[in-house]
Structure formats: C-alpha cells, structure tokens
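Chain naming follows the written order as A, B and C, and within any one chain the residues start at number 1.
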C-alpha cells in the first residue's frame, strides 16, 4: 500500500492548478502504461498531448474522466482530490458519491463521438442538464440551442445521429459536453475517426472555444499543425512518461530530445 | 431413506429410462435432420408443388405445440388406419416438430452462402444438383451447425414428453418412482440432473467437436 | 370411434374449448410477465461485480435451459408437499414456466445489453449520470430493439408450451381436450381443434411481434 500521508488533502495557495497529476501510476497487470506521472494544467490553459501509440496519452484523459481507475498517486481537480477523498485527516480512495461530485467539473469528447443514437441532437444536449443538473426543460433547451448555434448545428437540432455526418456528430458531442458547463474539457482524438474533408469543421469549433472561452482544455490529437496553432503547451509522451514538454514553437521548432525529433520527423514524413 | 439408498434402489430403473431417452433422442434426431433437409430445400424450390407442402409442414409444426402433435399422432392417426407403436409415435413426433424449426435453419444457411459461390459453380457448368451437393450444402452445413447445437438440446428436452404416451423413458421412470415412494425431490431431482449431464456434458461437447471437425474439413481452422 | 369428422360434436365442444383458450392465454401472459421480470434479474446478476454470484447465476441459467420444462413442472408441483408446502396447480405451473422462460429471456436481455457499445456507458460517465439514469435513459432504450425479436419468439414459445401445464391438471386447452376425449371417446375433433386454435393464435401473434418490432425501432430513431 502506498503511503498517502505525502499527499495534501487539498491544494491551496495563489497558483492552484486546475488539474494536477501527482505521482500517478497506471498499469494493466505487468504492463506499466503510466509511470509516476506529474502534470499540472493551469486554469484556462490549453495543453495538447502528443506521442506514438501506446505511449499512454489517451490513458491520461481517461483517468481524468474516471473511466479508468489509477494504481498509484492522486489526481486533483480545481484543488480537490478526484481519485481520493479526505477521511479522518488522510486520503482514501474515492467512493461513488465523491466521484460524482468532483467529476461534475470535467467534460469529455470521444474519438467515436458516443452520441445517444435514440435521441436527437437537441435531446442529446439537453439530457445531462435536465437529468443530472436538474435544470428545467426550458432552461436546458435555451442553453443547448445556444451551444448548438456555437458549433453550427442549430439547423440539425432535430436530427438523430444516424442522419448526421461524422463531423456533424462530433460537433454535437462538443455541444453536449459544454452544456454541462465543465471547468475542464477533454478532447480524446476527436478528429481521428473523421474523413479528412470534415476534420476542419471540428477543429474550427475547438479554435473558437480557445479564442472566446476561458476553458481549461486537455487534448490528444494527431493533427500536429492544429496542435501547434492553438496550444499553450505541448507534452510529448513516450513509454508512459513525459519525454519533453514546452511551448509549441519550442517543442516543434527546436526539440531537445532525440525521441521527440524522431517522432516529429516520422510524423512529418507521413504527411 | 437416504439419497444413497434411494440411488441404490432405483439406479437400474433410472439407467433403463436414460437408455430409452437416449434411443428416443437418436431416432428423433435422425427424423429431424431428414425432415429439416427435405423441407428446407423444398421451401427454396421454385416449383409450388414442392414448395407448398414444405411451407405447410413448417407452419403447422412450428405453429402448434409438440404435445398437441404427439397426442394427435398417437391418438388420432390410428383413426385413419395408421397405428404407430408408442415408441415410434414418440420419436416421430419429436423429430417432425424439431425438423420444422431445423428446416428454417437449413433454408437460412443455404441463402447465407455467398452469391459468388453460386456463380462460380454456374461458371463451372455444374448441374443444380451437383452444385447443391458439392458446393453449397457443405458450406451451409458449417453455417448452421451452431444454431443446430441449441436445437438439438431442445430436441433432447422434447423427448421428455414421450413419457406422456407411456414410453418408459427417464421422465416416465421418475414419475413412476415418485408415484410409489412420494420421494419427489429425489426422483424428479435425479432425473433433472441426468438430463443436465446429457445436455451439458454429452450433447453440447459433441456438437462443439462436430463444429471443429467440419471447420477443419472445409479448411477453416 | 370413427374417423368421420362430426360437425355437431364440433359445435358442442367448441364453447368449452374456447373458454379453455382464455385460460391458455392467461397462463401464457402470466408466465411471460413473471419471466420478463425474473429474466431481467438473472441478466443483471450476471453483470454484477461479485464473481461468485455471476458464476452461480450463469450455471443456474444453463441448468434451467438444458432440462425439460415438463420435468420442472412436475418438480415444482410435487416437491412442495414433500416438505409440507402445498401449491395449487396454477401457482406451481406459473412458477415453473415463468422460471423456465426467465432463463431464456435473460439470455435475450444479455445479448441486447452486450450490443450496446462501450462508448455509450463512457458517455454516461462523462455526463455524470447515475447508474439508474444510465440504464433507464441510455442503455435499456438501446438494448431493447435488438432484444425484441428474441422476446417475441419466446412469447410465442411460452404460448406453445402451456399445454404441458395439463400434466398437473391446469385447466387449459390440452387438459380440456383430454377431458372431452375421455368423456366421449372421441379424440379426432378435440385434438384437431386444439391444433387449429393454436395455429390461429400463434401465427397472428408472430406477425404482430414483427410489426411491433419494426415500430419500436422506428420510434427510437433507429433503422
């Protein structure tokens, strides 16, 4: 058992990060996916994770969304422990109730969109606000329509997902996640399942979010140009660790590590 | 009476009953497979004189209950001069009933063989009969084996009904033992366990084995 | 006895048989209602985190599915009195047939639940839904349409298995036909009529089940 006394019950002070991974370990049996990860994301920061497949980058987002349990360390969101809760002056693994409380500040968009197929675009967006947040239907509708407007999907609000293209579905999924008013948004390879010609409509929406909203965002993507344009910071993952991180111009322009250079040149060749 | 005493006293009768059940099962399986093949192919025929009877057989036997069919074959057929011994009436009813469900499996599997196979056989100038026998049926057989596995279990369970026309199968023996001892949990419980063993550890493994062998024969390992 | 069909006898016994048909329909309906609820329990139990429970329920379902219903009916009816519990034919019949079909329906439910992609569960977590909301609002509406065909088949199946209830004296169609046969020594008409009545019910029911399935799919916006 890990000694939990090294971890604070909550983060305080002037520079509390929106997200903090502290010593986080994740393994499947003998396979270590993430090895003692430390990562801070400041409020309003846009951080993009890049790296070869199997480097653990998607796992970072899935752990933050509590889709995967962690095997060691603590994740904090907005100063509060997410994976743990204080009990008797120390941290113990979080129960379902605590998870639900802290998870409310996180939203996520998936590679496969995961829209509910039996609901229209508007119903997909209203589902969370009505059922989970307890908003009135009128409030939820107003909020959802505003967001569908933002992602350019208001004309299609009464269509079921099966009638929408991949790009359109992903835009609805972004609106659905935003309707929960999260403080942190996670984008997990949101353009990977899309046809090349519709990738632009999804990246345009994310660009708009970055420009106009003060959201904290964590993104995993293979679109290097897009990542370079909009990120405040790039983290290059390799073998379950952060091999190198820094501002986009520095990491893409003059990477210091060999592995980063190799990865970036391999990606460039593929284009 | 302890359960051990019970088994010692009635083991012979239970084993006899099991043997009769096994015989009913084997004969009924033969009838079912034959009826399924004939009716399944018949339903695909372009000739309404062949297709009609096949459809009527399938709908009647699928649309009514096995027990109704069993009583009809055993009690009503003799009125038309066709008297069957109860043993034969038993496995014929069960086989004809399951055969109607099997016919749909045969039909579905034949239709599921890819179009390219039909066209390739045609390109080789095979007669329809050769095409069916050499190309389509072997592949269809592999496709329908898994659902036949379930159907054969239904058939095994169906044989229990022949006890109701006094065929001395496992179910019948359990009823007799119960009637003379009032040890219902022991007699019916033992029969349940024997059926379970037959289904789970004899019939199902055999069907799995058959699936593997057939897949190997067709070069799909 | 004779093989000549007697219409006067047919009309004489028809009211009794039609009355018994109501009992048959009631037995099928009651049994199916029990099976639907119990089956959901058996299906959900197999998704539980407690491995021992999952294994035990799995084995129970296999056991029920691989042993004859008629034997289960006898078992439920006769084992009670041995331990001082007397169940009426109706109660034990409904218990046996409901339990039998709950095993089949649990498999149908399981298949339906398994057909819902993992991403749907994850989307529910990302929207912070409770387990109850996840099942009721997202998972079950999607698990239902693929399960409907199987559920419909077993509705017809349970109807056709109700004649087995005659072995413990439930006054459904088969039992009534048996009674008529032993009173009048005429079997041709009662047994044939029972067959015709079953055809007349099960063929339209099978058709209605198809229609219903198509409508539900359409209503849930799935093609």
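In the analysis below, a contact is a pair of C-beta atoms (placed from the backbone, for glycine too) under 8 Å apart; a residue touches a chain by one contact, two chains touch by 3 or more.
Fair warning: this is a prediction, and the values are worked out from it, not measured in the lab.
A linear topology is adopted by the chain contact network, the touching chains following one after another without closure. Of all chains present, the one whose mean CA position sits nearest the global mean of protein CA atoms is C. Averaged C-alpha coordinates give centres for subunit A and subunit C that are 47 Å from one another. Mean C-alpha positions place subunit A and subunit B at a centre distance of 56 Å.
With centres taken as mean Cα positions, subunit C sits 21 Å from subunit B. In subunit C, no position touches at least two other chains. By the touch criterion stated above, subunit C contacts subunit A in their complex at residues 117, 119-120, 122-123, 125-130, 133, 137-138, 141-142, 220-223.
Note for the complex: subunit C touches subunit B at residues 1-3, 62-63, 65-72, 74-75, 78-79, 81-83, 160-164, 166-167, 174, 177, 181, 187-188, 191-192, 194-195, 198-199, 202-203, 206. Looking at the complex, you find that subunit B touches subunit C at residues 59-60, 63-69, 71-72, 75-76, 79-81, 153, 156-161, 163-164, 171, 174-175, 178, 182-185, 188-189, 191-192, 195-196, 199-200, 204. Residues 65-67, 100, 103-104, 106-108, 110, 112-120, 127-128, 131-132, 160, 162, 176-177, 180 of subunit A are the ones that touch subunit C when the two sit in their complex.
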